[in-house]
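Labels for the chains are A, B, C, D, E and F, by order of writing; each one numbers its residues from 1.
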Amino acid sequence: MQRPSGRAPAQLRPVRITRNYTRHAEGSVLVEFGDTKVLCNASVASEVPRFLRGQGSGWITAEYGMLPRSTGSRMPREAAKGKQSGRTVEIQRLIGRSLRAAVDLELLGENQITIDCDVIQADGGTRTAAITGACVALVDALRYMQREKIITSDPLKNMVAAVSVGIYDGEAVLDLDYPEDSSADTDMNLVMAEDGGMIEVQGTAEGEPFTEAQFAQMLGLGKAGIDELIGLQKEALSL
Amino acid sequence: MQRPSGRAPAQLRPVRITRNYTRHAEGSVLVEFGDTKVLCNASVASEVPRFLRGQGSGWITAEYGMLPRSTGSRMPREAAKGKQSGRTVEIQRLIGRSLRAAVDLELLGENQITIDCDVIQADGGTRTAAITGACVALVDALRYMQREKIITSDPLKNMVAAVSVGIYDGEAVLDLDYPEDSSADTDMNLVMAEDGGMIEVQGTAEGEPFTEAQFAQMLGLGKAGIDELIGLQKEALSL
Amino acid sequence: MQRPSGRAPAQLRPVRITRNYTRHAEGSVLVEFGDTKVLCNASVASEVPRFLRGQGSGWITAEYGMLPRSTGSRMPREAAKGKQSGRTVEIQRLIGRSLRAAVDLELLGENQITIDCDVIQADGGTRTAAITGACVALVDALRYMQREKIITSDPLKNMVAAVSVGIYDGEAVLDLDYPEDSSADTDMNLVMAEDGGMIEVQGTAEGEPFTEAQFAQMLGLGKAGIDELIGLQKEALSL
Amino acid sequence: MQRPSGRAPAQLRPVRITRNYTRHAEGSVLVEFGDTKVLCNASVASEVPRFLRGQGSGWITAEYGMLPRSTGSRMPREAAKGKQSGRTVEIQRLIGRSLRAAVDLELLGENQITIDCDVIQADGGTRTAAITGACVALVDALRYMQREKIITSDPLKNMVAAVSVGIYDGEAVLDLDYPEDSSADTDMNLVMAEDGGMIEVQGTAEGEPFTEAQFAQMLGLGKAGIDELIGLQKEALSL
Amino acid sequence: MQRPSGRAPAQLRPVRITRNYTRHAEGSVLVEFGDTKVLCNASVASEVPRFLRGQGSGWITAEYGMLPRSTGSRMPREAAKGKQSGRTVEIQRLIGRSLRAAVDLELLGENQITIDCDVIQADGGTRTAAITGACVALVDALRYMQREKIITSDPLKNMVAAVSVGIYDGEAVLDLDYPEDSSADTDMNLVMAEDGGMIEVQGTAEGEPFTEAQFAQMLGLGKAGIDELIGLQKEALSL
Amino acid sequence: MQRPSGRAPAQLRPVRITRNYTRHAEGSVLVEFGDTKVLCNASVASEVPRFLRGQGSGWITAEYGMLPRSTGSRMPREAAKGKQSGRTVEIQRLIGRSLRAAVDLELLGENQITIDCDVIQADGGTRTAAITGACVALVDALRYMQREKIITSDPLKNMVAAVSVGIYDGEAVLDLDYPEDSSADTDMNLVMAEDGGMIEVQGTAEGEPFTEAQFAQMLGLGKAGIDELIGLQKEALSL
């Protein structure tokens, strides 16, 4: 098997994590997985959603969007259509859940962090790049809160990262770009914590169902990829 | 460990599948997983979405809704709010993908089947009950299409069913009801085909991440549960 | 004249009223007028709309919906379209007004009862079936409030029921099913109280205007039909 | 009994019908029932709604709106809220149905007439004033179509007018203004054709149910009022 | 050059300002610039938008709408489409800004005046007619507030009026009607205060860019026109 | 007078124009006016809006958006609110009109170019930066169309650029950043063509009206600024 990208099956694309990419957000990270570029901005607010008020606990949520021409052909702007697509909603819920698993929400106090993940350029794997970058922006926001004495201890429990794996031409491959993703039979997104804990496993058979053996193979590749990504996150954060 | 429901870890709730529940739909199934009751109506139309026109292939899609008082406290009606929730969108996309894996879309011709899954009463596991019931309604609609000579061969590739599994009090349990789901650490929804092929795996750590061992345990329970559910589907269809 | 249904002009369809149809709602009634089946769930809340706050009076309101495939051909789901149709809005306002006439709102205290009327299967007369069933669900909700000491006296003034009448082939007929309704010249919906008081009269000439004589005939049939329906409501409630 | 307005029970408010009120519409009528002023503009289009295409028949529809400050306290603008209220939808459906009863839709050919009824100033009875004025605007639009040879024969079957009647202080009164309407027990809107045919009867008990005797009384008053209104319409049209 | 309207380049259309046009609003003005007729209703409320609360300052805002058949061909009703057009939004923001420049918002106290500008008939220049009429309605509302002792001193700083100017056939012309506007190369809207202060200048090249010389010419015409309009406003207000 | 930015009154911020910033769009430009950064992506489509079909002429339109955290405090995401703000609509209409003045639409054939202007980081003047950058992206898209033989001659008539000017502390200043804009009395946006033709002049008195003399001063500064910007555009394009 030869991947369209020429990469080895277990090889990530070149990953770049640039902190302080914009100047207003409490955490601002541009994450690049090859040609996929996502800007992740973390905003801190001293207010929690209604269902949490008065309970002493915080919240982390995410929003996701693609610039209309981040893709090969222009997509209609969701703000102009007046509606977020089902795909958008699904992805931003996934990012939010994943990041909440990284943090002790009680230590966050009654504060909310919103992570905006906006895709500047898309080439497959935008949701996994978003989670990986958003976790770095989240750490920067948490550091800001500690510096500003909004919180007194560090709520971070675990770094969290995500990667996609798939079955391409019968074989498991890591971190699919768009051409690979388009012709893969199965697409799985894996979110894991630094300590190896699994946070989200979302495997979908696009065409043929996949076997348990393939599933295990994908899981293996994914775990190794996430280890590598968490290394890169920590390096970016000088942890 | 004692489940709140008193069931054994690997025990499904009593499942009932009632065909021809309403009289207008080409397939109409009431599926009950214990106190969870979902009405699945399949509608056949001789038209496909724009992106498929002229390609000789068919489509299967699903919509999902909960009656406002299907739950313990009344939920606002989505039609009145003018918006489907993120959860609704996520679920109906999952049901649609799962059912498309059951069918050879080319044999369906340029026809679309829409499966409406409406929750009459909710007690946990509505999405997995919906997929399990919808597949039976789908088969009835395919039979209708063959009787009416809309199609000449049977597009069904595989029966498909779904079940939830979770980690409750540290142990894997099958088919969680609402009280169990509310206090489980992990919730996984599994969609599989009759031949053991995996279609969707969606595992989510609600609180603590889960380990690979727990994941394997859940997978094992889920597979057995789905085998049982497919047996019940076939019985209902006299297959 | 021969009605398509074979019924005598003054003959109701078989009516069934099933209480406690679902388990969460404070009142839950499945009402069947022949093949028309409507689920009426009453929900009690200790809050009134803004315009009533602080006035010591309660409120009753209704919402109405049809499952997409309750009808012969599938109707688009209102939640997906993001908008309730004009017909839906008109019907739910009628149901709400009718039920408010059954109750002494001051005795209700600052509480609101919402009745969700969801059409499971449609064959004409869904709004009159809904009112008739909703009044039974309302009584169950009022009993619940008394049992739970939310209110101390019974706010029910009058049972309320509704029926349609029309001019079919020049003659007045009671309780039209869908084929009759489609070819009737006039459609009138009548809502009356147990004591013979008139609550709503809505007569509409679909094609030709109707004469006063026809109007009087319809009124006569309708009154008799409502008497019969109120008898059935009371039987169901063991009043 | 003394009406707040000082009028006799069977007395209409001063009615004025001004044709050609604006210059663009094919029919443009300002109708005044006392202080209630509604501008009714009829627009002719050579296109029918989708459900009528290719059937050789025409359509008449209506839209209704209130200027935000047509009322005592400012109402939010529906265009700004992004939604028409239930009341608006109900009224515009009523106006459309009423006008369709005035016309032989087959003689209209595949053309549509839309009547916009916009309330400039409100003092009760806006919907009945709207129907009464809209029918005059409709006749002007039909005359325009004949002049322009869009149609070759006159589709008008019957003039149509509308009036409200109510029970005020136990007695039936005609054409209620806002203070009367606010304290009436029952509000009935009556739409009738020139030949005495009944088109719409919508009686609603606001507080206490009404008796059949009261209903008959209201019907009597309403019929006389409509006769008078149709006389005024014809005078305005020099019929 | 000959204007389609036959007017001299610097000649306004006949302008009429009718106060107290409807009876509910605190200021109600029908303004006519030739065949353009706009109803401007000012409503006083003792509440300011959230961003101003507790600051002791008031607010003035405007809403704008066109009746569907105010124009040559019927425009869809914005309330029915569920959305105000970009043009509507732009115009109502302009009206609001212009009127706020007329008033000392601190002297207004924590009160808001909303001016609804509804176009009854359109023939070009609706936004400039609206501003000119709205300022008169605003003065009436301010007088009302003083009479009712809601405020103790007059917040009016300056009368404000507006006019359009354009380049037609190479020459600057004042107050364009619809046929002139449709074939003009440049359209400029000018809002000025009584003391000659400039409030808004909005010049737009529809086809060819305009030169500075043309711009100066337009400015000159516009200033003279506004002087004339402010004279007419004051006459109407007997200032 | 000392500007908060320390710049001379007639001094632009450092301007950077980076072409080919993303890889999918036919023209992709990141424009920076100091800390204001806007990504302008031009997309070519072989389809024009309905009102232009069959007329042999093309169209240019623009959409504008701000990333939620492009600003000092997070703004709600318009796609999530389901509505573009009035400000957004106003700005994207302005950008579209400005760019259409740069191009001979007939030479464009029946093709449309959409320019998406998305603000990555905001510090005042986002609309003028957007126009200036969008014109460069537009030229790249026109070059692409010529290379691909979609069009045979160059439709560009004129480079177009935009700048803001204002009155700060009584004196005219060029290209205001956010702190300057917030405390300026007047804000004017100027769009001009390479040949000195004026395309848009939008001056708004935020507090006090401005005098003609101030207006002339602002115009002078603006013209010089635009000359400089057009020089930078040409340099970027190697014109």
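Here are a few things to note about the model shown:
Here is the rule we use: a residue touches a chain if its C-beta (ideal position, glycine included) is under 8 Å from a C-beta of that chain, and two chains touch if they have at least 3 such contacts.
A quick note: this is a predicted structure, and the numbers were derived from the prediction, not measured.
Shared contact partners of subunit E and subunit F are absent.
The set of chains touching subunit B and also touching subunit D is given as C. Traced through touching neighbours, the fewest hops from subunit B to subunit E number 3. With each centre defined as the average position of its C-alpha atoms, the distance from subunit D to subunit E rounds to 33 Å. Averaged C-alpha coordinates give centres for subunit B and subunit F that are 51 Å from one another. The multi-chain contact residues of subunit A, meaning those touching 2 or more other chains, are 82-83.
Across the complex, subunit E is touched by residues 22-25, 28, 35, 37, 39, 41, 43, 45, 63, 65, 67-74, 77-80, 82-84, 88, 114, 116, 118, 120-122 of subunit D. Across the interface of their complex, subunit B is touched by residues 86-87, 89-90, 92-93, 97, 101, 158, 188, 192-193, 195-205, 208-212, 215, 219 of subunit A.
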